[in-house]
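In the two complexes below, subunit A is the common chain; its partner is subunit B in one and subunit C in the other.
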Partner chain A sequence: MLTRRLIAGWPGMLFLLALAAAAVLVPFANLALPPSSPWHVPTHLVVLVGKWLCYALLAIALDLVWGYCGILSLGHGAFFGLGGYAMGMYLMRQIGTRGVYGHPELPDFMVFLNWKELPWYWWGFDQFWFAALMVLLVPGLLAFVFGWFAFRSRVTGVYLSIITQALTFALMLAFFRNDMGFGGNNGLTDFREILGFAVRDQGTRAALFAATCIALAGGFLLARWIVTSRYGLVLVAVRDAESRTRFLGYRVDRYKLFVFVVSAMMAGVAGALYVPQVGIINPGEFAPTNSIEAVIWVAVGGRGTLVGAALGAVVVNAFKTWMTGAMPEVWLFALGALFVLVTLFLPKGILGTLGAIRWRRRPPPADAPALATEQGR
Partner chain B sequence: MFSVLRGLALLFALVVAALPTAGRAQVSFDLPAVLAALAGDDYSAKGAAMETMAQSGDARAAAALKALADGRLFLRRADQKVVVAATPSGGALTDAATGEAAGSASDRDLEAVNLNNRLRRLLSGLVGSLTLTAGTRDERLAAADALFKQRDAAALGPLNAAIAQEKDPDVRRAMETARAAIVLTSDRPEAERVAAAAVVGARSDREALGLLLGAANGAPPAVAAAAREAAATIQRHLAMLDYAQNLYYGLSLGAVLLLAAVGLAVTFGVMGVINMAHGEMVMLGAYTTFVVQELFRAHAPGLLDYALFVALPVAFLFTAAVGAALERSVIRWLYGRPLETLLATWGLSLVIQQAVRSVFGPTNREVSNPSWMSGAVDFYGLTLTWSRLWIIVFAILVFVLLLVVLRRTAFGLQMRAVTQNRPMASSMGIRTHRVDAMTFALGSGVAGIAGVALSQIDNVSPNLGQAYIIDSFMVVVFGGVGNLWGTLAGALTLGVANKILEPMAGAVLGKIIILVLIILFIQRRPRGLFALRGRAVEA
Partner chain C sequence: MNAAVETTAILYVDGVSVSFDGFRALNRLSLIIEPGEMRAIIGPNGAGKTTMMDVVTGKTKPDSGTILFAGRHDLSRLDEAAIADLGIGRKFQRPTVFEMHTVWDNLLLAVKQPRGVFRTLVARLSGAERDRLEEILAITRLTELRERSAGALSHGQKQWLEIGMLLAQEPALLLVDEPVAGMTDAETEQTAELLRDINRTRSVVVVEHDMSFVRALGVRVTVLHEGSVLAEGSLDAVSANERVVEVYLGR
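Right, the complex of A and B next:
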């Protein structure tokens, strides 16, 4: 019963199967098969796909708030970036004396800036468990404080979108400053090892890839569990008729706040997995452009479908990787056109449109969200 | 032997002339004899001769000194007469003693009057003090200023003389300040120095401040106290001035924000549509200015100063046309779905940016300021640049014009009707979709002319629009929609707050503080400062 509820028909099934297969087969094909084999997966491809899967987790987090609760956050990159910075701080502390200046405590950039001791907010980041906790707590706390104010005073619609954008913009400016103690412009980079394994090692990369697959599957199941619960039904009600839901007696602000915080934590995890794979985190991750791009992944895949969001992230990023290599000057035209065409002609995204075609064979329940129909099963 | 005696006599004359009571009194002296000493070989006698000439107040002596400074004073070999030549290499000659024409000669017939470094320094000071009495108004001001900086005690006498005969109040004040500066740093009686400190304090700029603080060190207690007090007054004055200057910067930033945001407020207010491509309209306006200016440069370089007047309507029409085209082709299909509109317009902004980058290249384009917009004006110690002044004026003009359009025209009436109650307006026979298209064109056109203004103070690059878009949103969100006064209040508040915070917290931190404050403000008043009330709110 629960399994069925969570898997959500063939897209969810396919998605989970694909993830499981990738988690096992890609590391195997990368590590065990010789480079001459036609099935060998080169390491750079492992890293690249791993990066896309991190984006997919971010997209699922975004779909949870936008697709099911109608909160269009243009600042989810902020949570992604904060999770990434938390992980980056752990990785910086692991460098130890192997930095350029060989200081046992301070990261290179602090030595360069003539700092004498570690600032208090860097304390504890030499422990992995602490960093992992912060990956969840920091974005969660920011989302809680921000959402607490925003939802209580009923900031909705485009107003909310704009101030989330301002939020990530403010964070970007803040992290660009050297005296913030996060490496300023250059960010955190030059990582050596994670949990004792060399970050650039082929095996570590394969393991990180598998971990990303697992995290993505976990994030998907968590999101499914939320949206198929009674709680999730209220979220959809908030999305479709916020005032009416409030008048029915639901504390709309609390529902929104909870899902916003969960989503922020998922984004934080995505960022934390992203950083060791790409090997750098800098304030550019907070750029409002990145957050808006994440929104278009969800729109392309299909908002309110979760699987679609992940699919959209992978498809758009694969497209981006190919195009910025093949004809870089056309990429922004293509991305811009994607925004326009998807909103005009594909408002339900790839998966939503496919779903609509399927529904046409069976009599569809008039204009109901996908999950509402599954409750009865 | 002869020249030594002559020197002594001149020294005596000098002492007589330098007596403070002597003022501008004419001391009779023998110009030919002094000139002979000047052209002689004894350097100390030459120095004495120069000072005598400077203090004589005699016009011909002054002319001779100036000629000497220019290297035009010679001894004619033939008759040992001191002459002034027209150029450093000879030419027409005049007799230095009488001022009569004395034929002409080339430098082969002339022997230059030799100087050493000490004398050259002395000469430049003396010529400076001569300028005090004889120069034009600007020259006199410059000379007084130079004396204020050098504080050459020897210049006190000529300065006193110059003050006695000066008519222009500004120049006189400058001279008195210079005299006070000299007195303050000299070892004259305390009472005089205390009074001088107050006079220097009245100048109230950074140089006077530095002088006073320097003078306070090691001076007798009374003088030091007076100097410190005057310095404190200056510091207060300077702080006020800084504050006023920041206020001015803030106003000018507010005007820029107002220009960038007012079009956004119009489209957002009427259609509830956040136009993410608004910044790109601003950018297109700036590029239009560039193109118009290049056309002027190629075909009518003489009229280049007036290119802006052509660029304004062209930019308005061009961006309005682009806006109308976007509305008809994309945005009208998305009414009622504000979040989707936001995404689609973001996509449009990417396309427009990249298109401009492909056509004009990714680097900054040079848009020159017309002559009437460059330079600055000094306003009671404030430096107001003309370009920023004009932009403030221009922003006010645009704002008033827009207000008139909204309040006094049929189109404005329809627009307000649609803003307040779309279905009702439609029922009353207003073609709401046409109003939407016109509104979008108007908003875009205003963005275009904002671009013309911005091209004067900012880099014209494809990223121009992005730099302003978030700030513009903040203005609109802060001020509230559906009311232009809200936009005005929002723009000015944000502009001034930004510039006031900047010196305290640094540019970046100031901006962050502003953003955080806005985010907090939105929590308190989710619909902005000037929110629409009543049924329109739940749209």
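Right, the complex of A and C next:
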């Protein structure tokens, strides 16, 4: 019964099957098949798709708060970036003496800045478990503090969106500063090893790809579990009639805070998987445009569908890759046009529209994203 | 606030004033509802009926005065969720149901249960809850429509669903704002019957414009005017009151 509840009909089933297949077949086709084989997947493609899948996890995190609870966060890139930096710090400390300056403890940029010892907030990042914990805790804590103030003060709608945007912008400015101790403008890069495996190794890349598939599936199942619970019913109720929900006795601020923190942690994991695959994290990841692009992925794929959000992230990024190669100067216009067109003609996004077409051939239109409840159907 | 008040009333409102930008919506309003009582509140537009409900349910904070629930809870210090949890349920003037949710899910949201985040995450429908919801569906005549999304209901059905949600909350006191607005005569009749039925176990305050409905309820009536009580008594007594007639008909 729980399985049925979590898989959510054909889109969820296809999604999980596709991820399972990708996690096995892509590494196989990359590692085991010779480059001459028509089925060989080149390493650059593995990395590219792995990156898209990280974005897909970010999109699911965003859909959880926006699609189900109506919190339009224009700053989810902040949580993605923080998760990425936590992973980047671990990777920096794994470089050890192999850096340009060969310092056993300090990363190159610190030696360059004439720092004598490791700042306290870099302590512990030589341990993977510690970094992994920070990948969850740092975005989670920021989301908790931010949400605590915002939701208790009943900041909603466009005002909330603006302050989330300000949040990521402020982080970008802070991380650009050299004396913050995060590599300033250049960020963290030149990674060597992760868990003892060479980051640039073909096998490591394939493993990271598979890990991303697993994380994405896990994120999807967690989000499904949340939205199909009674808690999920309350979330949608808050989205549609916030004050009514309050009069039913629900503490709306706590409901929002919980989902916001979970979503931020999920975004952090996405960022942490992204960094070893692309090999760099810099303050540009906090750019407001990144967070806005994530909103567009979700809108294109279909809000409040989870699978749609992931689909949107992959489709839009595939489109971006093609277009920035073919005619780079047009890309931003195309992105804007895409958003306008989707808003006008596909307000429910790709998946929402597909769902509507399917429903038309079936009995009564459930105009909501089908939510399985605990009715024991 | 005077905490030394001793009262057996389920709702005790004394000298409550509320102003919005200099406009006195409530002006030293005093009102006492006894346990098990049903009270109808009437009054012309702007008399303060809805503001009175806002103050009791925590949506609006009073500038001065005392509001006690069950003689011991000072409602002016609590927020909406805490007040709802104490056992005060509210039905709004415009039916407000969760349109994207099914009828069943609307009731499930309302049903009396722990309201904490972690409790709802793992909550499962108990047999007792299921029976209770089935019973409410039957009372509100929505059994056939349980899988329908609430947004697709007719106006009267939404009103009934909201009353059903109130029942599911199992409040000790129900505040019902214009329950028959937009209903047909037959529906109005059934609603009066339903409220009388509810009143057997709970206290009810009904705000209503429809005089035939108030007559059908056959309960004590309070007339509000300019934020305070103008008259109180049976419907016949207050309709005979000269000042009430003056207020309603204009001078």
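The definition used in the following text is that the second predicted complex is superposed on the first by the 366 of 377 C-alpha atoms of A that agree within 3 Å, B and C clash if a C-alpha of one lies under 4 Å from a C-alpha of the other, contacts with A are read in each partner's own complex, and residues count from 1 in each chain.
One rule holds for everything that comes next: a contact is a pair of C-beta atoms (placed from the backbone, for glycine too) under 8 Å apart; a residue touches a chain by one contact, two chains touch by 3 or more.
Since we're looking at a predicted model, the values are computed, not measured.
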*Where does A:T343 make contact in the superposed view: on subunit B (first), on subunit C (second), on both, or on neither?*
first
*Could you tell me if A:R98 is touching subunit B, subunit C, both of them or neither one (first, second, both, neither)?*
neither
_Touched partner set for A:L332, first subunit B, second subunit C, both or neither_ = first
_Touch test for A:D240: subunit B only (first), subunit C only (second), both, or neither?_
second
*Of the two partner chains, subunit B (first) and subunit C (second), which one does A:Y250 touch, if any: first, second, both, or neither?*
second
*asked:* If you tally the residues of subunit A touched by each partner, is the higher count for subunit B or for subunit C?
replied: B
*Once the complexes are superposed, what residues of subunit A are shared between the subunit B interface and the subunit C interface?*
243
*Once bound in the complex, which stretches of subunit A touch subunit B?*
72, 146, 149-150, 152-159, 161-163, 165-167, 169-170, 173-174, 176-177, 243, 288, 292, 295-296, 299, 329, 332-333, 335-340, 342-344, 347
*For subunit C, which residues count as touching subunit A in their complex?*
57, 59, 79-81, 84-85, 90, 92, 96, 98-102, 104-105, 108-110, 115-117, 120-125, 147-149, 151-152, 165, 169
*If you look only at subunit A, which of its residues touch subunit C in the complex?*
226, 229-231, 233-234, 236-237, 240-241, 243-252, 254-255, 258, 364, 366-368, 371, 373-376
*Write out the stretch or stretches of subunit B touching subunit A in their complex.*
272, 274, 330, 333-334, 337-344, 346-351, 353-355, 357-358, 470, 473-474, 477, 508-509, 511-512, 515-516, 518-520, 522-524, 526-527, 538
